[in-house]
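First the structure, in the form of structure tokens, and then the observations on it.
In order of appearance the chains are A, B, C and D, and numbering begins at 1 in each one.
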Amino acid sequence: MLVVMNASATREQIDAVAARIRQFGYEPHVIPGATRTAIGITGNRGPEGRDVLVMLPGVEDVVRVTAGYKLVSRETHTEASVFSIAGTRVGDGFTLIAGPCAVESESMTIESARFLRGLGVNLMRAGAFKPRTSPYAFQGLGDEGLRILAKVKQETGIGIVTEVLDVENAAAVEEVADVLQVGTRNMQNYALLRRLSRASKPVLLKRGMAATVEEWLLAAEYLMAGGNRQVILCERGVRTFADHTRNTLDLSIIPVVKHLSHLPVIIDPSHGTGRAEYVPAMSRAALAAGADGLIVEVHPRPREALSDGQQSLDFATFERMYATLKPLARVLDVELL
Amino acid sequence: MLVVMNASATREQIDAVAARIRQFGYEPHVIPGATRTAIGITGNRGPEGRDVLVMLPGVEDVVRVTAGYKLVSRETHTEASVFSIAGTRVGDGFTLIAGPCAVESESMTIESARFLRGLGVNLMRAGAFKPRTSPYAFQGLGDEGLRILAKVKQETGIGIVTEVLDVENAAAVEEVADVLQVGTRNMQNYALLRRLSRASKPVLLKRGMAATVEEWLLAAEYLMAGGNRQVILCERGVRTFADHTRNTLDLSIIPVVKHLSHLPVIIDPSHGTGRAEYVPAMSRAALAAGADGLIVEVHPRPREALSDGQQSLDFATFERMYATLKPLARVLDVELL
Amino acid sequence: MLVVMNASATREQIDAVAARIRQFGYEPHVIPGATRTAIGITGNRGPEGRDVLVMLPGVEDVVRVTAGYKLVSRETHTEASVFSIAGTRVGDGFTLIAGPCAVESESMTIESARFLRGLGVNLMRAGAFKPRTSPYAFQGLGDEGLRILAKVKQETGIGIVTEVLDVENAAAVEEVADVLQVGTRNMQNYALLRRLSRASKPVLLKRGMAATVEEWLLAAEYLMAGGNRQVILCERGVRTFADHTRNTLDLSIIPVVKHLSHLPVIIDPSHGTGRAEYVPAMSRAALAAGADGLIVEVHPRPREALSDGQQSLDFATFERMYATLKPLARVLDVELL
Amino acid sequence: MLVVMNASATREQIDAVAARIRQFGYEPHVIPGATRTAIGITGNRGPEGRDVLVMLPGVEDVVRVTAGYKLVSRETHTEASVFSIAGTRVGDGFTLIAGPCAVESESMTIESARFLRGLGVNLMRAGAFKPRTSPYAFQGLGDEGLRILAKVKQETGIGIVTEVLDVENAAAVEEVADVLQVGTRNMQNYALLRRLSRASKPVLLKRGMAATVEEWLLAAEYLMAGGNRQVILCERGVRTFADHTRNTLDLSIIPVVKHLSHLPVIIDPSHGTGRAEYVPAMSRAALAAGADGLIVEVHPRPREALSDGQQSLDFATFERMYATLKPLARVLDVELL
């Protein structure tokens, strides 16, 4: 940390700040400047004490230098993490996850799974529990949805990615799912993160609607600190003033996450744009930008979907998009998984 | 809803959209325009069908006309809601809630309560369970914190406003608290909202960091739809590009909420600005703008606070601020509660 | 400035950075830390060199410590600036500026001026040149508008606040206006700022739609550095995700500007909210928060206004609002000007 | 347009709104609904009258249905626009524009041009006039910069893309430049847009820092309405809460612009990210997403650059990036220009 003093700070104030720093067990380094004095701090292991120092007389600001995450950091774990899931991998190639927004019925779910397996897609997304902005909207089939997912998994061998909404249903979802999805609204639901940090399955952690990269990585740190080392980050668009897409898909997060962390990062172009017609372009962009994969909404008949139909691809469009990803991946020397 | 067709939409496409609207059991009203046709819809009771219609050939957009909330709406409940809590009221005057960020010890909590009671403040905030961005930060005293709050309540008679972080601890918090606080990160934690919709105590619902007013009111609708009619809305700043305050305090939400809903709305200038020095100005502004109250962080010794010290007022400053609110309230013909 | 090195930076890299700092003529102060080394810099007078240092091998980031503005800073000019304008003052009380969005005709302009003067308002806003998002919208009466303003000023004695859109018309506007308004879209139009830095009249500088406080103060610094010491800052709402108001009015900027600068800051609740019904609440809030004044849109017949009618108060509403500001100002011990 | 009435609007209010619509010369279409009445409007050619209608008693909102731009719209000009510039094309392939932020000297400019020409890049960016946030920062070489650009153009044959900051210097820039760049801060500088609408050279119009797609296209409409049909749109990142990049690069705007307009859209990954290390990933993403080209900062020695060094690629990195774009373009069936 670095304490920045006011231009008018007195010698006494500077000394008092230095003394307080020593009380914390840290070392102060006074740096007199042309217009103001700064005090470097060493010996601390985090931002503890910042809140106190910033209030001392003569202090203008206290600047943090080190982020608070450790286990997710690339600095302590230089190699990229790779996870084996349901016969495929995440973190070592470009992994496709696709499927309907929600499990609507057994027949449409199995239809989707067969279609995806036929193309070579090994992970299917589909929600049994749906977080909905309105209490009056379709909330998912719940336990019946889980039962359907278990059956579809058994019959087709496809891996299941599905959302856990709360601690209460975590065990039931964990039994069926190959990847436990945490939605954007729950990125900082710490009770849920703590529960999933003890889960046996990997967690796909969506970025919060307005989360900074540091907050997102700290949420991942909750999972890792609790013991779950298999965390997949997922960018799904953030909230900005822009109104031409449902959210603003922040693809620059891909190289940033690669720089800061060893965890894989995948892209959700369906929520990121909110319109099926923009999904193929953003999917190709995600691949070209170095993402570790996609999670895409696909529905056998989007116009009949109970939720998110507008952003779901139909089978034919998904197949066409998939065909354009293949040569792109080849040229980028990335394996399509 | 209103369907807006493309400029190049054909007669057949328009007819097909109208037919689909009738299948939903609604009535289409074709409105031919100079550059494009629009189709008004009547007979629907919500946005159901929007997702389908927007995907039909020739459709440019489907515009929603009515918001999805009902019980929170001013249209169905024209009078302002007033709640009696711990011997005071919310919704009928300007109600002060103040206290430390967290319960740090019995002595500092009782010290705070006595100070507040001495001033005439009847509701104290103080967190036993703290949601923290980093897993390594102080997370609150937990059950021990609740025990302290119960004791302080008994000894001083002050009402307790404290946060519920998860369903698991809801019952324990409910026993002690007079108002159950839902934090900004949990505004769309639907499992928690459903649980609190069955609680016997009022809920103070903070606005999500990037929530629109509609999303916020729909979260309140979750609470009301489940049976809890006592919901207090709380603006605590939203996330924007602006970096001069911790969050951007959106005071214009006050008249907007008053227009849309009958629920009381209070302001949190401590989180809204993140700096104690800006709290008095924003508190006065909240009162002048017509808010129903404040929730303010006050700490006996902010420089020793375990969390949020930078945004906490010390007793002397709070007292000075309180003294400036009194004549302001009088002039505005509002009772200070 | 403070250079933050990577955790893995080598001794050689640290030495190279220190050497480069010395080449700039500055002094490096190496601060070895537990997880990484930082290097304090003294002797510099601004952020020059930052761009270079941040690219050196082993450097993670370079943190700026001092803002780039000087003449606008409270640190170099501790007393609040007060300007005498058209027989009234700005910066020493709560100054009202009101009037129609645009000069639409001589009769409605003089009608407005007389109404305002009757109430004791000494400064009228009214645009002769209007910046409009669409090239097909009403663009103001131009030179004819200036002629009307000159006449109204002569007949009623009211001071004129009007927008300068470009260098070309600056001289003509300067002749008529008492305050030269720079709109939000032009906050970083440096050709215009340079021209107005040589003007004989005060400048009212609106905050850019997405400007940080530092960018805003640096725009003011352009004006002051060129010789114009009379700069009035004006907050008019910023662009965020929030959609319940036209812009998000950022009232917390008031105490922040007061902390950072000696310049007066006024509030535009009309553009800040975009709806006349929210203007009175936000006007009172601005006064209570310590602003130096308001600039409000008032129109004799808002429903017939050629622009911004939705956010303009009619005379009766303005008068009622004015009546509520008076006792508020008295209680706050501020003179209403 | 569609007028949405309050739930409690009376029959008289509805009739009055309909009557007012007829006064505008439009046709009202009353659509009674279950909870409220809406009134469709036909016969209007834009949003004129909206401001008035929204204020009538009983009116809740007036929804616009058609955007205000015409000449830039894909609806009136279905084929993509292609411009021939300096021996290359924009709008029909993937066009590279590269070069230093600023003309710093003749030698570094000619060095850059030769390097680019050697690679097959036909358009060079380089600013003679630089808009800078601080009045104390390097502002460009001005006329001397233009002289250098003219010489470099003559010697190397490279096309010049350079910024016009104001009307005053427009003629001088126009003489030298092949493309006139309008910066993000000037997107709504209407005096400048009007001047350039009469220029003989194409305009590259950067998106404003917080501009919606409609505002951006309306700024382009200013250029086209004045007679300049050669407008190239350029996304350079927008301002959001996210702090991991200098701006948030909004690549989803690419398919959106392609849907709404016939104008070409190129991407500036240098300003979009602010860090050279993220530029290659974002450049590949832009190509994969369907952009019409790039404008990239390249500098012979970024560490010595007078501005934007941190986001400039050195020659070797640019060459490597260029090498990765080639096979990508081939696979996407796009010509690299």
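In the analysis below, a contact is a pair of C-beta atoms (placed from the backbone, for glycine too) under 8 Å apart; a residue touches a chain by one contact, two chains touch by 3 or more.
Everything numeric here is computed off the predicted structure, so don't read it as measured data.
At the interface between subunit B and subunit C, over half of the residue numbers involved are used by both copies, so each side presents largely the same positions. Counting C-beta pairs in contact, the pair that comes out ahead of the other among A-C and C-D is C-D.
Subunit C has its Cα centroid 30 Å from the Cα centroid of subunit B.
Separating the centre of subunit A from that of subunit C, both taken as means of CA atoms, is a distance of 38 Å.
Centroids of subunit C and subunit D (each the mean of its C-alpha atoms) stand 26 Å apart.
In subunit C, the residues that touch at least two other chains are 210, 239-241. Remark: subunit A residues 2, 4, 6-8, 29, 31-36, 38, 40, 42-45, 63, 65-66, 75, 210, 239-241 touch subunit C in the complex. On the side of subunit A, the complex with subunit B involves touching residues 46, 51-52, 54-56, 68-69, 131-137, 165-168, 185-186, 188-192, 208-210, 215, 218, 221-222, 225-226, 239, 276, 302-305, 307-310. By the touch criterion given at the top, residues 210, 212-213, 238, 240-245, 248-256, 259, 272-273, 277-278, 281-282, 284-290, 327-328, 330-332 of subunit B touch subunit C in their complex.
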